[in-house]
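Chains: A, B and C, in written order; residue numbering restarts at 1 for each.
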Amino acid sequence: MTPFHLEVRNVRKSFGRKVLFDAVSFDVRLGESFAVTGKNGSGKSTLMKIICGVLTPNGGSVRYVVNDKEIPLSHVAPHIGLVSPYLNMYEEFTGEENLRLFAKIRGIGVRQDDIHGLLQRFGIFEHRNKEARFYSSGMKQRLKYCAALLHRPALLFLDEPTANLDDIGIAVVREVMREQRQRAALVFATNESEDLSFADRVLDLSRLKIG
Amino acid sequence: MVTPIPYQVFVKEVASEFRTRYALNALLMFVVTTLTMVVFSLGDNTVPYEILSGMLWIVIFFSAMSGLSRTFVTEEERGTSLTLRLLTSATNVYIGKFLYNVVLILAMSVFIAFAYRLIIDDFVVRSSSIFWTTIVLGGIGLAAASTILAAIIAKANTKGTLFPVLAFPVLLPLLLTCIRATVLSVEGAFFSEAFKDFQILVSFSVVMIAASVMVFEYVWND
Amino acid sequence: MKTALKSLLVLWLTAVIIAGIAVPMVKSPSGPLEFPVIPGLEEKARNIFFHVPMAWTSVLAFFMALYSGVRYLRSKDQDHDLRSVSAAGLGMMFCILATVTGSVWAKFNWGSFWNWDPRETSIFILLLIYGAYFVLRSAVEDEEKRATLSAVYSIIAGVTVPFFVFVMPRIMSGLHPGSLGDEQGSGPVVQMNMAPNMLVLFFASLAGFTLLYLWMLSLRVRTARLEAVTNTIE
């Protein structure tokens, strides 16, 4: 697995006059798992968006270094996968079509077997030809996982990893988290204390401490 | 096996349109309604060809206003803009959506132009080469300006009415030039006489695309 | 010191305005205090001392707003956006004045208030751009988004300015001095065809209006900054 380093330094985000968080700093490297926790509204999802490079912070920096070369945030897409309540699928396309589409736009070749394998792993194989607007929220969450893992990202971001999932789904996700932590790197945001055991380090946004 | 990413974005737009048929239906009805209104208001009167040329571009402009913002507004409304942002770079997205808008506006303008010439007897074009060149170059220019502006209004609150307000002053030089060239085509001028106008149209598109590529990222990301 | 400069500016502009209106125009001027009569224009030529500087200032203001917009995009510092809005507000005001003075002149010279001549159209387009700029701002609630989107719009509108200022009047013939149909060429301003004393007054007016604009801009920016600070305290 390619060595890489995600460096977050002094990140600050404010909305108007209200400062959501300030001086957030941490590092994530290959083989590590980092968790962000905090009460609702403390900015977990916002921080996730910032470190994915889709939201600009008001201060501080987010740097990705892969194979000793720094990658600008605009080109970080191939290396990261995100599962988030803010991420939506294209409702007019079927589950399988969504995944194919993502592969094509990412510019990677993906075989039918790989796609089917992912769909099966997350238990939505039999729904693959249904349009996403007919999916339940649990099915959509599973589809999001397929989309996030399609390109085997070095860094996997999970915002509320177990949301909308039943026990089977949760078990699969935990397996994924275990694998990702071994194989690459994982950053996740959650309030579930059970999930926190997967983390090497935890950042509590409500109290802004790393422990 | 992997074709260029902007093309894939373009394909996605087309496929999405085929699935939902949202824009095509509305646009078709819009064009038909507008053309009908024009024909009825002309009635039996003989209207100077300069006015007819102007009206043609009014119809094309408002059709553009109806259809060219869809590509960005739907991403925002359906919450897929974040998804797309995470798949590829902003520039790829811009090019793909621009290409889609070009195809859309060309299809619309060609249809409008054909219908216009067919239905309105007074509108007789003597130089078809100038006429169709204007339609094509004008359409590309319309798409060039409309794409970046659509990206802007998609992020604002009152998208629908905002689009023509922002677009009109930016597109006015383009539209006036198109009208002038269309007038030349009716008069049957030599192709070379329209060169100056074509130069304006081409440079407008080039400048607009270049500027859009540079600023698009700021609009697309939050 | 600053007050002295400002008083000087006020006096300067007053002198310019009075001179522009009152200096007599005679067929054969005998000295610097008399302007020659331009055939066809006569007294209406006085417009050049006011209309052109106002139009110039409104264009200057637009480009300053654009420049501040670009700086905002690079730094995300809200102060740059503040400067953008302040410049745009003044620019809009000068643009309205330029359109009105141009329109009044058109009435006296060509018989109607509006003719869709290329230069008239240009100032009107600039007015529409200013209008669109402010409508866009009012449609976005989030401060940062508002600043970003209006900066980008000013850039996009800015790249069309060369088109309607330079390209179109050259190609389309029009009534405005300086268009293709004008026998006197590109007009009194560009060709420096005016009598020397008129030129002096013209540049004096240009300088005066520009300085007035800059002064008003600094006032607006300072007020806006203070407002921003008081909003934080509340």
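As a working rule, contacts are C-beta pairs under 8 Å (C-beta built on N, C-alpha and C of every residue); 3 or more make two chains touch, one makes a residue touch a chain.
Please read all numbers here as calculations on a predicted model, not as lab measurements.
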Pairwise touch network: line, ring, star, complete, or other: complete
Chain closest to the middle, measuring from C-alpha centroids that were averaged per chain: B
Between B-C and A-C, the pair joined by more C-beta contacts: B-C
Distance between the centres, which are taken as Cα means, of subunit B and subunit A, whole angstrom: 38
Distance between the centres, which are taken as Cα means, of subunit C and subunit A, whole angstrom: 52
Whole-Å gap between the CA centroids of subunit B and subunit C: 32
Residues within subunit A bordering two or more other chains: 56
Two or more partner chains touched - positions in subunit B: 222
Residues within subunit C bordering two or more other chains: none
Residue ranges of subunit C in contact with subunit A within the complex: 76, 142-143, 231-232
Touching residues (chain side subunit B, partner subunit C) in the complex: 145, 148-149, 152-153, 155-158, 162, 165-166, 168-170, 172-173, 176-177, 180, 196-197, 200, 203-204, 207-208, 211-212, 215, 218-219, 222
Residue numbers on subunit B that touch subunit A, as the complex places them: 1-3, 5, 8-9, 11-12, 15-16, 19-20, 78-80, 82-90, 92, 217, 221-222
Partner subunit C, residues of subunit A touching it in the complex: 15-17, 56, 58
List of subunit C residues in touch with subunit B within their complex: 73, 121, 125-126, 128-129, 131-132, 135-136, 139-141, 145, 148-149, 151-153, 155-157, 159-160, 163-164, 167-168, 171-172
